[in-house]
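Before we start, here is the structure in question, set down as structure tokens.
Letters A, B and C name the chains as they come in the text, with residue numbers starting at 1 for each one.
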Amino acid sequence: MLELRGVSHRYGNVLAVDQVSLTVASGEFFTLLGPSGCGKTTLLRLIAGFEQPSEGRILLDGKDLAGVPPERRPVHTVFQSYALFPHLTVAENIAFPLRMARLPAARIKERVREQLAAVRLEGLAERYPAALSGGQRQRVALARALANRPRILLLDEPLAALDLKLREQLQLELIRLQRSLGITFIYVTHDQGEALALSHRVGVMCGGRLVQVDRPAELYARPRNRFVANFIGRCNLLEARVSGRVNGHLVLGIPGLPPVSVPAEGNLEVGELGVLALRPEHIRLQPARAGEQELSGLIQGHLFLGATSLYQVELVNGMRLDVQVAGGHGEVVLEPGTPVRLSWPLQAGRFLRE
Amino acid sequence: MERLSRWLALPPLAYLCALFGLPLLLMVLASFQWPGEFGGLEPALDRSEDGYRLNLTLESYHRLGEDGLYLGLLLKSFLYALVTALLCLLLGYPLAQLIARSPSRWRGWLLLLVVLPFWSNFLIRIYAWMILLSPEGLLLGVLNALLAWFGLGPVQLLYTPAAVILCMVYVHLPFMVLPLYVNLERQDPALLEAARDLGASRWQCFWRVTWPLSLPGVYAGTALVFIPAFGMFAIPDLVGGTEGIMIGNVIRTQFLEARDWPFGSALAIVMTLVILVLAWLAAWLARGKADYG
Amino acid sequence: MARSSLALLALGGILYAFLYAPLLVVVAYSFNASRLNAQWVGFTLDWYRSLFDDAELLAAAANSLLVATGCSLLATVLGTLAALALWRRRRPLLSALALGPIAVPEVLLGVSLLLAFVLLEVTLGLLSITLAHAVFAIGFVMVAVQARLTAVDPALVEAARDLGASPWQAFRRVVLPLILPGVLAGALMAFTLSLDDFVVSFFTAGAEASTLPLKLYAMLKTGVTPKVNAVSTLLLLLTISLIILAHRLTPEILRHDRGDTR
């Protein structure tokens, strides 16, 4: 129900958003994911109405939003800094959009109470923002933006300022809230873990362009290019060239290594340059079984990460692969210099263009 | 939002252009005009049968330059203002230091106490000194008794240049203290500790660390004292006698008594130019120290 | 360390005494039953009583209050507009014009305004004085409001608009409450400055109009009677109270500290 068609935006000479087209369905939790400066916040501001796109159109339920000022869009924002009005109480903050919409006083009181209950801040109605903790302020900002039942809620990295435990807790609350209210959420973050956990679909952005839009599982399993593969989760990337096609598989030549096969996807030509993408958790430190690919190398180092461990393995041509193993105490740690054999199922490897 | 902001700027801009910018321009123009017969100005444009003729002259500036009197007066005013600024620095620096080093609870109050007299009526402050310096007063009585003890003649302080400078220092002291305080308060005490740790004596700590870092404040304070002091006329008028006259007095006389407006304007403009040059100079000097800020 | 601190403290004490002693002398002598400001003769309130018999003086005082009120209103509105226009934006012309009158010697302001008023055939009187005072008061109000504006998070205005407020509503409901202490402090400063102004009034008053400082000046020039002490003391009390009030209108007074929501 929200549609962006060829939207671009320039700040002076800088192209912050480059020909972005996407559709967000009603009731969807959609996340814009990307590193700082990729244009995701600009896109959010375009949807909210604080900037007008230099090119392209933004349509809500088929109606063009061009020229419609922010106060008349049924779209509300949760700001990164929360932007709570310091001179108003929590209750007055939440009531603000309702007063702007000229709801009768009784309805306002009732709605404010509902909102406070929804974010579980019932006792804090008369407090001022300065007296609240970070997590509480975030919830007030949420309650305030939702008070008016907007069509779309925009969230600009709302959890960035909170510590890990609080962030995880609020993530769960956000999911619960969104699923129960059924309001469309458009969420902006640079944290790929957060994006994968919260969203129905994720749009990855880089340099102002929308690179890939998919469900989180798809995004993780089938990144479209090197940037996405690298940005989402850990991924090994080895420079490779397509040297042939055999039995519906692609054979890749990597300098200094024996040829490796990957499933064939799309129409890739012989001679194309790209990378072999392999996730660390798909590799085992064992000789290959039937139907698996294999390489040899030497253990270089070991990182203990709690539930898992990461081994850094140097291949015969000097390239490095990270291998994830379930790590706990009692396991024998392989010493650097130990020769090992690495294997993975054919399906786990992929060839990606740049 | 940006368009709204432009509309907001319009009323104050219009008002100030009309009542500040325009008068200044008129004064510049006036300095090139002839004085009118009964005071005021001869019109700049003469209407005759042939059309308009420009009726301008450099007469006023000539008079200013030729007669050593006025240049001398400018120089004298400059010196008075300079001495005032230096004395304010001498007195204001320790005061600013004191406030900056005091416990933070007190600072607001101490600062307010320095600033309060500034808000009282300017004439009252001068009048107070007229009382204190009067020949019949206690202060002078004690002073002259002391001098007599050393065999020196009695002095008169009222209606002398000394009184002018004393009053100017008194009136402008808060202007020196404030910028100095702002600067000193921001200085990191760890710097002084580091200096002591590396073997600097107390004097060296001050001279090599505190003082250089405080220079932007010093320049600001000096400008804030010098500029108004330079153009002062009320103080010389009340306590300066005949010797203490400054350029401000002459400007006032030209405008209100002699009614030679072109000449008065020329004087005012030259005074302003001197100030502008000095302000630019101070800004240029302060620029170099900006990295310490 | 302690010894020099003591010296600093002593010097500080002397300097504060230097600042206040003259004023205290004036106040003290206003109660002195002698015509001369030389010796203390006895306590009296006569000089205060005589003030109320002096019609000219009372008229001048009334004029001063009138002018100060007018100046304060004018300067507060224009100064606040200027501060808002300069919020997160550079406007060198506006800044220069607003701060210029404060930076230059008052004589310059006085004579240039006299010149302009006469040439433009504006009658000199209370109105011309009020207009003249506003010229330098605007800068003070602007600075006072700017001090509060810098603490206002611009995201608050965006948030208000995002939640349905028009630009005017956003200003009225979010920005104005937050800058109000600064606006009021500026208004008080403008009032006080106008009340105390001498130099600019001197040139722009014309022949008939008189304000309290101008009357004071005339009294100082013609012959000092202790009435001057009484007037001065009252004036001192008034301006000092106003300024303390303005100083109190800083964030501490109102519950919501600064515009800081983080």
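Keep in mind that, in the parts below, a residue touches a chain if its C-beta (ideal position, glycine included) is under 8 Å from a C-beta of that chain, and two chains touch if they have at least 3 such contacts.
Note that the structure is a prediction, hence the values are computed from the model and not measured.
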| item | value |
| --- | --- |
| Most central chain, Cα average position | C |
| Most remote chain, CA-based centroid, reference being chain C | A |
| Geometric centre distance via CA averages, chain C-chain B, whole Å | 19 |
| Centre distance in Å when chain A and chain B are each reduced to the mean of their C-alpha atoms | 62 |
| Geometric centre distance via CA averages, chain C-chain A, whole Å | 57 |
| In the complex, chain A residues that touch chain C | 48-50, 69-72, 75-77, 79, 81-87, 96-97, 100-101, 128-130, 137, 144-145, 148, 161 |
| Residues of chain C defined as touching chain A within the complex | 153, 155-156, 158-166, 169, 173-174, 177-178, 254-262 |
| Of chain B, residues touching chain C in the complex | 1, 4-6, 8-9, 11-13, 15-17, 19-24, 26-27, 30, 40-41, 91, 94-95, 97-99, 101, 112-117, 119-132, 134, 136-138, 170, 173, 202, 227-228, 230-234, 238, 248, 251-252, 255-256, 261, 264-265, 268, 271-272, 275, 279 |
| Chain B-touching residues of chain C, taken from the complex the two chains share | 4-5, 8-9, 11-12, 15-16, 18-23, 25-26, 29, 36-38, 77-79, 81-82, 84-87, 89, 91, 93-94, 97-98, 100-101, 103-109, 111-116, 118-119, 131-132, 134-135, 138, 142, 157, 167, 192, 195-196, 198-199, 202-203, 213, 216-217, 220-221, 224, 228, 232, 235-236, 239-240, 242-244, 247 |
